[in-house]
C-alpha cells in the first residue's frame, strides 16, 4: 500500500535532499578542478637511429600495441581477426611494425571504439588503425601519422532506391541519407550534400547497413573501399551510386596516436618509407583492387 | 400470510477448514429489528455477507420476500439492489464527495436523474443534520458522520432490508450515540433491520428480537429482556458474563 | 463579554527571547553560507585544473553553437514522451484490469496479461528497440510503420509492462470493503471498477507512476539507435565535431529542466491524494 508522509515532512525531506544533491555536485566539481592537468613533454625530433624497437617508448617495452574497432570491417581486415594479417589495414599495421623493428609476434592487438580513439584523453595503444580521416579538429586532440591512404566518400543505395542511378548531387537532396555518428562520412552529408531532411545517424555501420537493407534509408555514405565491399559481398542488391566530390584538401587516412606521443615521429617516418618503397601501393593492389570506376557525383 | 422479509434455512459456510455457519436458521418479519450478538468468529459478519450475496454459501437457502435468492441462476447484482448493508469501516468512497457517494448508485444502477437523486440526498442529509456536509469529502467528516452518511447511502433506494455489521464498533464512544439515534429513528419509520452489534444496551432498547450466535447457529433467541436478562443457555450466560465484566452491558 | 487575553510578563519575555534566538540563527546561517560559498568558488576557480574543466565542459561558445541542434533533438524526445506515456498508461491500465479479473472463465486472459508483464519487464529495452526498429522492417511486411512509430511501440510495450504492475498494486491496495460496499449498492463489476476501484487505484499510485514517466523521458532517446536524432545524439554529434563536452552538459541541463514540471506535478498529486486517503 502506498504510504505517504504528512506535508511538513515532505518539504523537509525535499530541502534535505536538495542540499545533499547540491553538496554532492559541489564536491564533484571541486575534485575535478582540483586534479592538476598532466602536462605532456614535447616530443623529441625523430632521428633514424631512435626509431628502433629498443629505443621506442611503447606501452609495453619490446611490444607494439595496435588498436582497431570491434568489429573490424572488411576490406580493411578479414573475418574480424586483425592478427591474421589479412585485409589492407591489418597488412599496413604489420608493415609499419616491421619498419620499426617489431616482429609479427611482438604486435599485440586491442579493441577501441571508433569515437573513443579520436576523443581527447590518454590512450591504451601505441597507434590505432581504423579508417581515421585526418582532420584539423581531430589533430587538436590526437596525433596523426603521415597519411597511408587517400580516401573518397561514396554513396551506396539499394537497386530499387529512388537515388540509384543518379549522377548529380542535387538529385540526392531529397533523399533519406544515413551515416555512422562522428565520422567524416556524416560530415560529408551535412557539408557537401546538404539534404532537405535530417540525416539518420547510427551507432555503427552494422546498424546503418541494416537500415539500408530495410529500406529505411535511401542511401548510406561510407568511404569508397567500404562502399565497394558492401555492394559486392554484403548487400548484393545494393550499388555504388557514386563518389562525392573532394572539397578542399584530399581526405586521407592516418594512424592515430596519443597527443604528443613520443612515437609519432618514428611512426610517420615508417609510413613514409613504406610509401616511398612502393609497399603501400602493393598492398592497395592486393586488398583494394575493386575500388575503381565509381561515378563522380557533381 | 405474507412471507417473512428474510428467511434463512440451514446455512452452512466453511472458511479454509473452519466451519463458520453450521446449519443456521433465521427468519425476519417485516418491520422487525433483529440484533445478532455473539463472540468474534461466531458468524455474525459472515451471516450478513451471505445474506447480501457477497459470499457464496456452501449449503442452505435464503429467501427474500419469498424469492429464492441463493439460486445460482439469479443475478446477485439485482438482488443486492433490494437490500442495504453498512460495514464497520471503509464504507464511503474517499474520492467522491458525500453527495456523490449517495447519488452514485441511484444514478448509475437505478437510472434516476442526477437532479432528482441529489435532491433526495440533500433532504436525507438535512434530516440528520448533515446538510452542510453535502459537498465535503469523507476525510473531512468524523467517524460518526461517515457512518451516518453510509447508512443514508444504503437507504436511498428504499431497500426492503437493511443489514448493519457492527457499525459502531470502530467509533470513539462519544460518536456512537449519533449513529444509534439514527438507527432508532429508522426503526420508528418501520425499516426492517438485522444488526450485528456489541452494544448490548442498544440492542436491549431497539431490538424486537435478540439472537445469540454460537458455533455457527442461533443458540438462543427471543425478546431482549429474556435473552439479555435471563438467558436459558449456559453459553449465553458465559458470553454475557464476559461482556458485563468488560463493562459493556 | 469576553475579555481579551493580556499576556503575562513571563510570556512576553519568552517571546522576546525566541525572537532574538531566531534572528541569531538566521544571521549565522547566512554568514556560514556566504563564507562556504565564497571558499568553494575561490577553491574551484583557483584550482590548477579549473581552466581545462571549464574549457572542456563549460565553453559558452560551443554551448551556443550546439544549443539549436540539441533543442531540436529534445523536441523529438518530448513528442515521443507524450505519445509513449499515453500509450504505456493505456496499455498498463488495460493489462492490470485484465490481470485482476476474477473467475475461471477469464483464465486465458489473466494468463496472457501475466505473461506479457513478465516478458516485457524481463527484456532489456535495447533489445526490444533493436528488434522493432531494425529487425521488424527487415521482414518487409505490408504496412510496416516508420521507424519512429516502431520505436514508440517498443517503448510502449516495455513500459506498459512496468506500469501494469504499478496499476495492479494500486488496484489491489483498495480496501476490499470498498468493493463490497460498491457491490452491495448493486453496482456491477464493471461499474465498480470504473467508479470506485480505478479512480482510487490511480490516485494511490500516482507517485510511482509519475516516477516511471520521468524515467521514460530519458529512455525515449534510445530510439536514436535506429537513426532519428534525439537530444543526446545531437550532443554526441556536436561533441564529435568539436571534441568539447559542453554539448552534453547542455543536453543534461535541458533534460533536468524538462523533468522539473513533471516532478512538481508528481508532488502536487501526491499531496492531494494523501489528504483523500485519510478517510476511513
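The letters A, B and C name the chains in turn, as written, and every chain counts its residues from 1.
Going forward, a residue touches a chain if its C-beta (ideal position, glycine included) is under 8 Å from a C-beta of that chain, and two chains touch if they have at least 3 such contacts.
For clarity, every value in this text was computed on a predicted model and none was experimentally measured.
Central chain (C-alpha centroid nearest the global protein C-alpha centroid): C. Chain centres here are means of the Cα atoms, and by that rule the chain farthest away from chain B is A. Chain B and chain C have CA centres that are 45 Å apart.
Centroids built from CA atoms put chain B at 80 Å from chain A.
Chain geometry summary: the mean Cα position of chain A and that of chain C are 37 Å apart. In chain C, 277 are the positions where the chain touches two or more neighbouring chains simultaneously.
Counting partner chains per residue, chain B shows two or more touched chains at no residue at all. For chain C in complex with chain B, the residues that touch the partner chain are 175, 177-178, 180-188, 191, 195-196, 199-200, 203, 275-280.
Residues of chain C touching chain A in their complex: 40, 43-45, 47-50, 52-53, 56, 134, 137-138, 140, 147, 170, 173, 204-205, 207-208, 224-229, 233, 236-237, 240-243, 267, 270-271, 273-274, 277.
Residues 49, 52, 54, 76-78, 80-81, 83-85, 87, 89-95, 104-105, 108-110, 137-139, 141, 143, 146, 150, 153-154, 157, 170 of chain B touch chain C in their complex.
Within the complex, the chain A residues that touch chain C are 1-2, 4-7, 10, 14, 26, 29-30, 32-37, 115, 118-120, 137-138, 140-141, 178, 181-182, 186-187, 198, 200-203, 207, 210-211, 213-217.
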